[in-house]
Every structure is written in C-alpha cells, then in structure tokens.
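First, the structure itself, so that you have it in front of you.
Just so it is clear, A, B, C, D and E label the chains in written order, and each chain counts residues from 1 on its own.
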Amino acid sequence: MIREKETTLYLGPQHPGITGNMMVKLKVQGDTVVKATTHVGYLHRAFEKLIEQRNWLNAFTLLCRFCVPEPDPMELTYARAVEELDNREVPERAQYIRVIVMELARLQSFMLWYAGQAGSAGLYTLGQWSVGDRNYILDLFEELTGGRIYHMYIWPGGVRRDVTDTWKDKVLKTMDYLEKRQDDYNQLMFDNTIFQKRAKGVGIVPKDKAIEWGVVGPPLRGVGIKSDVRIDEPYEVYDKLDFEVPTAEGGDIWARALVRKEEFRQSISIIRQAIEKMPKGDYYNKVPNPMKWVVPEGQAWAKTESVRGEIGFYVVSNGTNKPYRVHAKGAAYTHGVTVLEKILPGQNIADISFIMNSLGVCPPEIER
Amino acid sequence: MINDKDSQKIVDYIQNFARKQSLFVMAYGTGCGAIEIPATMTSRYDAERFGIRGAATPRQADVLLITGYLATKTLKRVIRVYEQMQEPKYVIGFGSCTINGGMYFDSYNTINALEQYIPVDVYINGCMPRPESVISGFVKLQELIQQGKADNGKKYRENLEWYRTNQKKIIKNWKMPDYNW
Amino acid sequence: MTELIKEQHLLDSLTSAFKIKGRVIRDRRVEVFADKKMVSGILLFAKKQLGFIHLAHMTCIDWIDENKFELIYTIWSPIEKIHLFVKTKIERENPEMENIDSIWDQANTYEREIREMFGIQFPGLIGEQDFALEDWDEMPPMRKDFDTKKYALETYYQRPGREDAKDVRETISERSGTKVPDFAKKYSREK
Amino acid sequence: MEDLGLKIFGAILTTILGFTVGMTYGGIVRKLTARVQNRYGPPFYQNFLDLLKLQVKKTNIAHGFMGHMAPVWIIIAAVTVLLFIPILNGNLWFPNMSFHGDLIFLLYMMVFGSLGMALGAGQSGNPNSAIGVSRGLSQMVGFEIPFVLSLVALMIQYETTSVQELTQIQHETGVWNAISNPFAFLAALFASLGMFRYSPFDIVGAPAELASGPVSEFGGKYLGTMMSGGAIFAFIKLTLYVHLFLGGAGNPDNTGIIATLLGLGVLLIKTFTLYMVPVFYGWINPRYRTEQAIQYFWRWPTALGIIGVIWAVYS
Amino acid sequence: MSFIDLKGILQPLGALKQLGKKPHTIQFPAESIEASDNYRGLHFNDLDDCIGCGNCSTICPNEAIDMIDLLNIKEKKGDSSLRPRIDNGRCCWCALCVDVCPTGSLSLTKDYIFVTEDPNDFLWTPGIDNKDAADKISYTSDVSTSISMYDRVPMRELEGKERVKSFAEVVLGYSEEEARAEAQRCISCGLCVEVCPENMHIPEYINAIAQAKDKDALRIIYDNNPLPEMCGKVCTRLCEDVCAMQVRGDAVAIRWLKRYATETAPTVELIKEIVDPQIEEPNGFSVGIVGAGPAGLTAAYYLALKGYDVTIYEAQAHAGGMIMYGIPKYRFPLESIDKQIQYMESIGVKIKYNTKVGKDISFKEIYNNNDAVFVGIGLQIPWNIGIKNEDSPGVIPAIDYLTIINSDGKFDVGKKVAVIGGGNVAIDGARVAARYGADVTILYRRRVEDMPADWEEIEGAEHEGVKIVPQAIPTKIIRNKEGKVKGVEYVMAKMVAQDGGRPRPVAIEGSETIYECDTVIGAIGQQADFDWLPENYKEKVIIERGKIQVNNLRQTGDNKIFAGGDAVKFGNSDAISAIADGFNAVKGIDKLLLNK
C-alpha cells in the first residue's frame, strides 16, 4: 500500500465547524487524521487575574462569562466555594431555586448541544428547532433574573431575587412543551438511520482510560461509568430529589448522545420535583456591604455538575476583601485538549466537528 | 459610460438595495456575543428574513461581526480575515467590549476600542446584545448602506498606515501578507 | 456531624507511608503538605495504591509575601469519593517542579498553563511554549507582581471623554474645605 | 435565415427561462425550508438579490488562470447543456438543438461544469477546496453509476439515445417511463439526491467540515457566476428528468401561445414536484461521510439500476 | 443493522408536519415582545432621589460609572450634587449598581436597543439622556432586595428599670463584632463629612474599624477632634441625618462607632501611644484661652501640638465646660472627661482651675501677656421660661440643676417633677430627675417629632418612665401657701401650618390643665455672660444678640481675640460645633501669628 502524503490542515480559529474560537491543527493522510494538536488562547481574557482585582461579590459578574453556553454552574460553584470559606448558610428555598436554575441551564445547554451535534452533521432543521425553542427557557431566565444569557443570579449567600408563583407555572408549562418537543427532536435525530450510521463507533473514549484522561460528565457516563457530582458529592438539595443518572455503553458519540437524551428527561423531572417541594422562606442570606466584605482566610474547592461534566473552583482567600486566587477547571479543560488530541487520530476529518460537539468542547472554559 | 448623474443615482440605488438586502455574515465567533448569533439566526428571530445568512469563508462574506472582546491572539486573525474580505465590507461591533473594553478593560490580553484596529460601521449596545439588538444593528447597517454611508473597506484602504501602526502596537510578531487591494 | 472515619484512615495511611503532615478538612476533603521532591511519589502511591485515579485539578498560587509558589494537586477517588489535596511550596526564584504528565497525561495541559502563567519550569514537558498567550514577552502574567491594569492602560487605547469624572469624597472635601490626612487615605473608598 | 434568428431568440429565451426558474426554485426552497424550521425565511426572490449583490461586489483577488476560468467554464457548460435539452417537446420557441445521441453528450457536458470548478478550486491553494473537490469527484463517481445505469436502461428499452425521441415516445404512448421502467426511474431518482447536493449528500461544501468546500476562495462575481450556473444546472437536471421519465411537457402538435404556456405550466409543476424530493430528504437527514455516501449509491440505487437494465432488456 | 432500516428512513419524515404550523418567529422589528418585568436594560436614574453618594460607581466591577457634576443640580446637604454617568462601553448589566443604590434612585429599564455609528455616544447620563424612560423601569431594588445593609446593629443598653437606679452609663457600647458589622454597613461615600461642623474623616475611620484597624481609626479621629470620647457619647451627630443609608433605612451609627474606636484606648498612655501626637518645637508664641469647654480644649490641643504655649483659664474646679457640668453622668461618665483632660495636659496644655476671668485674673492681663486670646466661654445664664410665678422656690433652670448634680451636689426634686422644654437639656433634666426616683413629665409646646432632642434620648427617657405631654404650653406656675411650687398650669395646643417654617402651636382656649408637681425644671435655652469682659474690649469684639460675631477663622473684631463655642454666632450650639470653632481658631491663630 502506498503511503499517502501527509498534509497539514488547520481547523479554525475561523471555521464554521469549530465550537467557539479555537484551532485544531491536524496532520491528515487522505481523509484520516494522523495527529491532532489543540491550540487555544483565542479567547484568553485573563479571568483569574481580573478576579483578583475585583472584590468578592464583583467577581461573580466575571465568572459567569467563563463559559458562554452555560454560565450558571460557574456562578453556583464560585458561590459554594465562597460560602464554604465564609461559613455561610444558604436558605433552603434558595437551594431549591438554585437547583431549578441549574437544571434550566442544563436544558438550554442540551438544546444547544442538539443543535450543535445535528448541525455539525448537516442536519440544520433540528438546530433551528431546538435553538428556537431554547428561547423559551431564556425567556424564563429573563423573567427570573433579568438577563437572557448572563444571569448573574446565583451569588454567595443565596440568589438575587425570589421566584414568583406565576413564574413557577410558566416553568411547568414550558417543561410540558419541551417534553413534547423533545420527541420531535429525537424523531429527527435518534430515529434517523443516517445519524445512527454517523454516530455509532465514532470518537470512542476507551473505558479503561476514561477516568485517567480526565473525562467527566456525559462522556464518562457514555462509557458506562456512573459518575455525577450530583450523586457523588450531593450539593444543594440534590439528595432530596429523585433522579436517575443515565449511562450508556460504548463510549462513542452515540452513547454520549443517548446519555444526554435521557438527561434531558431527568432535568425536566428534577425541575418539576423542585418546584413542587420548594419551601417558603428566605431566598438570600445577606452578605455584608460588598465593598467591605472580608472572607476569612482559607482555601476551598467546590465542584458542580455542569452539562459538560464537573466544574471545579479552587478559591483562596487571604482574609481581605478580594479573592487571592480563583482557579476554575471546567470539563472542557481536559476534553478539549488531552482527550481530543488522544481520540482524534484515526478519525475521519468529517467527524472532527461532530466529535468536538459530542465531547462538549468549550474553548472559553479552557483558557478563561 | 454613464455620465448622467440621475442614472448614476439609480444604479447606486439598485446596487445599495441589493447590498443591503443580502448580507452574508462571516461565521466567526470571536467572543462570547457569538452565543446570541444562533438565536438570531434561528427560528425565533430568523434573521434570514433580511437576507442575512452565514458565509463560511471571508471571501464570500460581507459583514464581519466582532462578537465581543478580542484577545490579542484573535485580533491578529480578525485582521487577517477582515483583509481577506472583499469590498464592500462592513463591520459590526457587538457589546461593551468592542466599545471600551467592557468588563475586560483591565485585562492584559484584550483590546479596548475596536475602531482603532479596523473600521467599524455600527456598534451595538449590550453585554451581550440580545437578538432584537442584533437585528436592530443590522437594520441600522442596512440604512447606512442604502444611504451609501457604509464604506468600510475604503476607509481602511485610505487610512491603512494609521491602522497598521495601531495594529502593530498590539501584535508583537507581525508576520502577515500585505494588504494589497 | 458524621465521623470522618474514611478520611482519617486515608490520612493515616498517607502520613505513615510518607511521614508528611496533613489534615482532614471536612468530609470528602483531605489535604497533605509535602516536600517538593515527594509530590510525585505521593501522587503515584495515591493513584496506584489508594485508588485516586482522577486528577481533578491542579493549580498554583503565588504567595508573594512568603516568596513561594504553592502547587496544589487535587485528586479524586471515584470509589471512596474523597478529594485529596497534595500541596507543596516551592521557591519563587527560578521555580522548577517535577513533571507529572507521565502519571496523568492531562497534567500536561495544566503544567503548560502554569509554565506560561507563573513561569514555573517543568523539565521534560512536551508541548509548545505558548498555551493561551502569543508572543508574550513580559513577566508571566499570573504572578502577583504583574499589574494587569497598568499594562492594559499602557498598551491599549483608552477612549477619551471620561476625564471629567469626579470622586465623591474629594468633592465633599473640597466643598467643606478639608483634607484627608495622608495616613488615612488608604481607608478612603476605593475607586 | 429566419430560422436562425428564431433560434437565437429562442436560445436567449431559454437561457433566461432556465436561469429564472432555477433561481426562483432556489428561493422557494429557502422559503419552504424556513417553514419546516418554524420560521418565515427570506422572500422568494432573495436569490436574485444575493446574485445581484455578488455581481456588484468588488473582486480583487485572483487565483491564477483557472481561478478566472472556473466560473466562466461553469456558466458556459450550463448554457450549452441547456440549449441541448428539450424544454418543451417539439416547441419551436425553444431551440432544441438535440441530435441523435445527445443523451450521451449531455452526460459528459454535465460533468464538464463540475470539472471546471474542480480545476479552479484546485488552483486556489486552499486545502478545504482541494478536499472538497476530491469529495465532489468521489461523490460524482458514486451517483453517476446508478444514473448512467438508468439511462442505459432507457436507451436499451427504446433503442435511442436522443432525449427528444424519448420524450416523443412517452408523449405518443402516453405511458411515462417512470411507470414503464420504475426501477430505472428509482435508480435515477436516488442518483438525483446526490446530484442536487442537499444533505445527506452535501459533503462537498459541508460547512462544519470544509468551510464552503471548493468555492472557499471564490467570492463576488466569481461566486455569483457560479451561483447562476448552479441555478441553470438545477433547471437542466429537473427538465431532463421530466423529459426522460415523467412524460415531458409540451405538445409537439400544437405550438400556439396558449399551448406553450400550458406546456410550461406542466413543466414547472413536474420539475418542482421532482425538485421537492431531494429537498425533503435534505430537511430531515444529516450528512453522510464520503465513503458512506458512495456506499449508499453503490448499494440500492445501483442494484435498482441493474434491475432496470434487465427489465429493459426483457420487457 | 437490519437489512433495510425502513423505520430509520421514514420516521424523520414526521418533521414535515411542521410545514403546516405557523412559525413562532417574532418578526422583529415589525413586532416585538416586551422585555420581562425585571429586565436589565439601560439605566435610569431619578435625579431628584439620587444623592450622589457614588456607591454605584464604587461597586461597578468595570469602572463604567463616573460621577460627574451636573450644573442643574443644586448643592444641598447630604447630596454631593454629582450624578452617575454610564459608559456603556464598560457596562455588563450586572445591576450591582442598582442593588447597592442606597436610595433606590438608580434602576434599569426595559429599553435595551442602542445602536449607533459613533462609539463615543455610549457615554451617557441616565435620567438626562433618557428622561422618558421613567415609565419603563424594570429592574429595581427595594429595601428587601437591595444588598445595602439598612438595619442598624442595635446598641445594647441597660434596661429602663435598671437604669433609673443609678447614674451608671446607659449605653453599653458595641462589642468588637457588633462594631465590625456596623462599620461594614457604611458605604464610605463621605456625604456626612460635609455636614459635620468639624468635617471629621468619618468614612476613613469607619473603614478602619471595618478592617479591624481600630488604632488607625482612633488616630484618624484625633486628627481633627481631640475630644472623641465626648463626641462618641453625646454628639448631636448631624452626620447621621444625611447618611446615605438613612434615606431608606437606619443611618450608620457613626457616633457609636466613634465611641467604639475610643474604647480601644482606655488609658491616657494608650491614647498617647496610639495617636502618637507629633508635637512641634515651641515657636515662642503664647495663647491664652478663656474657658475649658470643648472649644477651648480643642484650640488648646492643636495649638499645643503646633508648639504654642497654651494656658487655659477655667472658672470651675473641673475642665470640660458644658460637657462636664451640663451632661448627666449616665451619658458621659466623669472618668472619660478626666482621661481626655489628662491627655491634653500630657502634651503640654496648662489649665488653671478655679480661675474666673474678671475676678481671679483680669482679661487685660491675659490679653497683654499672650500673643492671642481664644474665648470659649459658652452659655451659662438660662433663659427665663417667661411665665407667672417663675421665681418661686422649686422652679430651677435645668442647667443650674445639672451643674449642681454634676458637682456632686444634692438636689431634692421631690416626688413629682415637670420639665418644660424639648431639647436634650430638658430630657437630661428629666432623666436625672427620674434617677432620683421622681415621677417626671415633660411639657413640650410642639409634637414629639418636633422635639430637637435626639430620638434616642427621647426613647431612653420613655423607657425610664418619663412621660411626655406634647403640645402643652405652660401658662403659669401654681404656688402653695408657702409660696413653693405646687403645680404647672398649661394649655393644650393645636399645630397650625405656617408659611416657610415649621408648624406653630396655637393654644386651644379652655383646655387649661394643671399638673401638680414639686419641682419645675425649665429648659428652654441659655445665654452667654459677658460681664467679665471689660467695656473697651466689648466694643471691639462685636456682640450681637448675646453672641460674638466671628469670621470663618473665628476671629472677632479684635485681631488678637478669637472666639468659639456656644457663645459665638457660628453654626449650631453643640459640642461638635464648639470643637470646630476651636479647630478653626487654631488655623486663624496660625495665620495671625505665623502667617501660614
């Protein structure tokens, strides 16, 4: 067999197939990738440096911008880390609200994923549907928090505004709608023979290496390992709610898609339960004047399950009114670099974008 | 040759009409504002009603959206993309970050004022601008095009020196082909 | 409060194996303080013997007052469901740390980032010098003595038009004809 | 010489018709696509505006001789082929330059356009273009086989290689070839999915993979010209299909104005209906990988084509 | 895979049913949905409600908000006359500025579309550039949603019943924790500084307390107030009236925080160590001060720091003037005064007690022996109540009564006491009487809310069982056979609104009531005594309506004579104004003698 010539292909930073703004440098032989290298930094905004310049509360406006498609887990994780340092109790009602916000955030992120996963395979109709429908969730967010994308809603001590009963009704209505719509999506995506052909056996994460490589979230559950921060280390009121953590075997795009499909259902169910069980009471344990709020010295690590996997915040305080160091580690940090570089060789170049969407690579989260 | 002013006007009108009604948007998500682009382009807001659609490569694009902050590393690519675009070309700056640095005003890695590096036709307010704002931005751009005011590429060509000086201030390792058209 | 038996047990096994100090922070959180040279040994031991197979996170803190960098390795055991923090402090002058990407491949990314942001060298680290930055020739930016605001003000264009801004405190002082003494100024409101 | 004058007039008319119909169809498809996607979409004349804009856009880059030539090549191929297609069966208004054996000629001419594009794209030096071209050629190899098989079936069945004659036969017998040889028709229909490059066969210009594929480096007038060429080609393919399988349009015995308009109406209905097949398929399916696409064509469509040929031989 | 996946091919065709549905597209701009009720759009600022505290500017993580001078805003107390201007090129719509706005004037609106070619347009002033947005306000903060801390940390006090048993200090002071919490409430705007006659560095020392730097706080306080302990306990705290927090909540307890700061230095040595006064070399000038009240002490302290030779001439046996003799000890204990005086003396201030000018020493002597003279004599002679039988035994002016009691004298008030007046002195008189076991009633002409006394004092008095009869105008004193007081007759009044002033009480005919009592304490003000001043000086020092006329530097008609305290016509008649007088007189003396 004649060895085909190796060519170099740059996927990105300006490329419709790339998720966000990053670059994958590929060595290809024909249509097959031989070597892949990720280049990031196109979105480096120096968050961690900037947070050190802000005070404890101001920092949270920056944080949600870590990862655009799913800003809320960032807020929550930071809030939880700071609460741990400050020994601050969160009212139970606030915890329920947080759970609802988190799950709504997951839902809207799943819908973006539907669009991305289908769109990267050329099925644009699904993207038009799900991203269009995603606006209904954003409308809910807008009504609750005042912002569509960046909510800046969860902060240390609780949440910023209370929920109203009309909002709860709207949420339930939207959930019913989405449940119906998800059937439409699934009909177009999971029932589709071509999608199955594309997704099965592609982008396999090996089961024995998954945890070592730092795979988390749906990709890890896609190899059959039941791992979810919500059950491993329950936070807020997740231990009081009844939900399944779906897994699938195979570790390919198909398995990850199945996991997400089921998680979509679970999120809807969690939201319904949380709305039902939400107690009355305070929604916010007021922090002192933010300009003068001093968090006791110490270090804290908090992690949260986002749609792409666990997000961890390492927060260090030196006893002043500003964080001394905040380090965030999102799922994409490993997915977008190590894992991607490891599973891309041997794949067809047609599948790169497909795999990236399936892993949930989110460049702003990698370089921050 | 058309010398008659009136007929020139008619030709201009038709040209501008076509230009404003068919805006191919460069698919380059330079910053976080890019998250509202899908929302704008998809069913709920449907920017295609205005003839706005994506273009995968700079050669085919008319409009470059700078969706928020620009890291210096991206700035270099944006300039490259911008220079590859064919005239007439337009630039829309999204949100606070392009106007005056936004929340990253003190970051060592993001630029503050976009029009220092490439000419900008329209700025949209917001962090990030929601789809309605984005569409308003496009509507404004259409107005400018119809009035013949949007002539971004010419401005860039004529002030290339000035732009280059500014660009080279930020981009330390300048290894790029010349802008020769 | 539940008894932290698992955590204590883990700490005991580590401290007895390596003669290091440590403590149980709370449930699911154990930290040990190790010497720079012992870190890779502890990590390898934890990974192979104790089931901490997941490197959750790795970071660096610049303790400029102590003139030290603190490196923190956060590892996670999916079975025990415990986070173990391995912390070590290294000198701030010519910092160098052992490369652990042979233990976890993904450590490569963290180390590249730390190399770029703090200037800590990891001998044997593969990967391009640039991670997020490009052509950066200043001090590694995450070091505490790097002033990002100053740099940004000098480097990037500042839109004019805001020079007429006034400080409330100063306006009031001016109006009432008093001055804040110098030693008190640090307590004035930050701008 | 009157005849020649009429022919030239007819040629211009044909070109305008082909162009207009092709572009309008594109616009309507965009509108319909939008409806399926729960939105309104652009006006149906959007494609004309796009084209006009592209034509008035400055184009200052050149990628060598073939870069200039590619769009021209495509438009020449398109117009040429168009003139050899019987728009309306036996209608004098349209210069059907058909001759005996034009089916084979058309088969080659249709590739001609793609070839020009391939050469132009190859010269642009963009790796995406190169990959796109190689994918396009692979795909062409894929769908040409069932397509040619179905044509062969027709040729064997009626022992002619003239489109005109095939139409005429259907007109005379009143039985469409789609019915008389359904296997050949189905094979051709599947092949048409590949021809129109809607998903799942949009692998040539797959945005998420190759930006815009072969045309990555073409903008402005080049792209505009290619677009018009593409529109004409779409019309050509549809008309050809209609004439080959769906009984054609027009009445050779009556070429009065009303009958001509009626014939055009029939043509438009048939072509549009046919056009909807790949469009529908495209709305609901993701894209194949290259090898999957070729496999697809070489499986069922080819089998159908072969059956069609056998059917033709034994019927 | 099955032979042919028919389901997989046909199932997706279900999507075609969408063709028949009406699109859910919002055809913007032709149609649009309104933004939600708390949408975070462009800012709006109610310019009238805004007090220009600049808290929005401080919290803004992006430095997007500038405080600028708007010419159409009038200068007034408690308002910096600056207003926020937003740079939309910085704003991230986090709405923290709204959530910290103490007055709630700043809000966000439903407007969000702002498209322009000129990037400089994004610098705009809410409330001026979008006047019409007032009815589109969406995101606001009220007292419950705001993150400003509107509730004051309550001050611990002795129980009302416990208090009347002794002269122990009623206010117990903040604990460290409470003080930190209270200090954290302050937003450090500094609006209070302006209304403080002494312009103390309030935000700075509160901030120091918040940061647990109590010693620095004390140092900052001593920068321009040598009697903080007094101020921390009995100041009239004009500052708290204009506190930004007071607009919608409780003012920051500035006085109590000062008190807390002074508690860090319980001894003279500690004060000296913490404040670390920098005494300049003697400059050879000497200054004589008449009266060791707050004004005189302040002047003496800062003069001494500047190297002057200072001597105070005090008629009484104790220094402190009115704060020594006019304020009951449960508010301001003796040790506190002594400590402050000792501290003064320790830096070189000389005080000659029991030396009444004009009697023990002539003013001329002081005038001639010193390079400058500061007069801080205060007000000693009480006004008459102005009703019949006022000279009866048992009627005593409050100030005399307090002086007697503070000088360790005993005064038998009997069982029932009537106090006439509504100021702090009246309340003091009443509360002291209550401590002697009397049943006390205060008669006041106007309503309770009109009383010039501190609300805390009034409340404290009520807790101690003092009854307040408002809108009661005394008409005469009723005597018994021996000519002693038997009661007070008063009429009820109704409040009549008055142009350009507070409502006036008008007696209601026929509502005469008699309150029987053993003692009547009159507390309706005092005047100064100028008998000691020789006539030739009186001519130079202009005295108008019983008060000395001074300029900004507290210089009188005679260049060499400076004056301050209650006896001058400048500012309010309270301790902090007296301190301000003393402080400013130092500047005047400096200017006179050193021409600085």
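One rule holds for everything that comes next: a contact is a pair of C-beta atoms (placed from the backbone, for glycine too) under 8 Å apart; a residue touches a chain by one contact, two chains touch by 3 or more.
As the structure is a computational prediction, the values presented were derived from the model and not from experiment.
Engineer: Out of curiosity, which chains are bumping into both chain B and chain D?
Structural biologist: Both chain B and chain D are touched by A, E, going by the contact rule given at the top.
Engineer: What is the minimum number of touch steps required to go from chain C to chain E?
Structural biologist: 1
Engineer: Between B-C and A-B, which chain pair is linked by more C-beta pairs in contact?
Structural biologist: When the contacts at B-C and A-B are counted, A-B has more.
Engineer: Taking all protein C-alpha atoms shown, work out their mean, then name the chain whose own C-alpha mean is nearest to it.
Structural biologist: A
Engineer: What's the distance between the Cα centroids of chain C and chain D, rounded to whole Å?
Structural biologist: Once rounded, the distance between the two centres reads 62 Å.
Engineer: Give, as an integer number of Å, the spacing between the C-alpha centres of chain D and chain A.
Structural biologist: Averaging C-alpha atoms per chain gives centres 44 Å apart.
Engineer: Taking the mean of the C-alpha atoms as each chain's centre, how many Å separate chain A from chain E?
Structural biologist: Chain centroid spacing, chain A to chain E, equals 53 Å.
Engineer: So what's the Cα centroid distance for chain B and chain E, whole Å?
Structural biologist: Chain centroid spacing, chain B to chain E, equals 57 Å.
Engineer: Check each residue of chain D and list the ones that touch at least two other chains.
Structural biologist: Where chain D meets two or more other chains at a single residue, that happens at 34, 36-40, 207, 211, 283-285.
Engineer: Can you pull out the residues of chain A that are in contact with at least two other chains?
Structural biologist: In chain A, residues 15-16, 41, 44, 46, 49-50, 53, 61-62, 125, 128-129, 132, 150, 188, 192, 194, 291 touch at least two other chains, as defined above.
Engineer: Give the residues of chain C touching no fewer than two other chains, as numbers and ranges.
Structural biologist: Within chain C, residues 132-134, 141, 146, 148-149, 159, 189-190 contact more than one other chain.
Engineer: On the basis of the stated criterion, which chains touch which? Give every pair.
Structural biologist: A-B, A-C, A-D, A-E, B-C, B-D, B-E, C-E, D-E
Engineer: For chain C, which residues are in contact with chain A within the complex?
Structural biologist: Residue positions touching the partner: 28-29, 53-57, 59, 61-62, 72, 74, 78, 81, 83, 85, 104-106, 108-109, 128, 130-134, 141-142, 144, 146, 148-149, 189-190.
Engineer: Using the touch rule from the top, collect the residues of chain B that touch chain D in their complex.
Structural biologist: That would be residues 14-15, 17-19, 21-22, 24, 27, 42-44, 46, 48-51, 53-62, 86-88, 153, 181 of chain B.
Engineer: Once bound in the complex, which stretches of chain A touch chain E?
Structural biologist: Listed in rising order, the residues of chain A that touch chain E are 54, 57-59, 61-62, 125, 129, 132, 139, 142-143, 145-147, 150, 152, 160-161, 184, 187-188, 191-194, 196, 286-294.
Engineer: In their shared complex, at which residues does chain E touch chain D?
Structural biologist: Touching chain D from chain E are residues 4, 12-13, 15-16, 18-19, 21, 23-25, 27.
Engineer: Per the contact definition, I'd like the list of chain B residues that touch chain E in the complex.
Structural biologist: Residues in contact with chain E: 43-46, 49, 93, 96, 99-103, 105, 113-115, 120-127, 129-133, 135-137, 139-140, 144.
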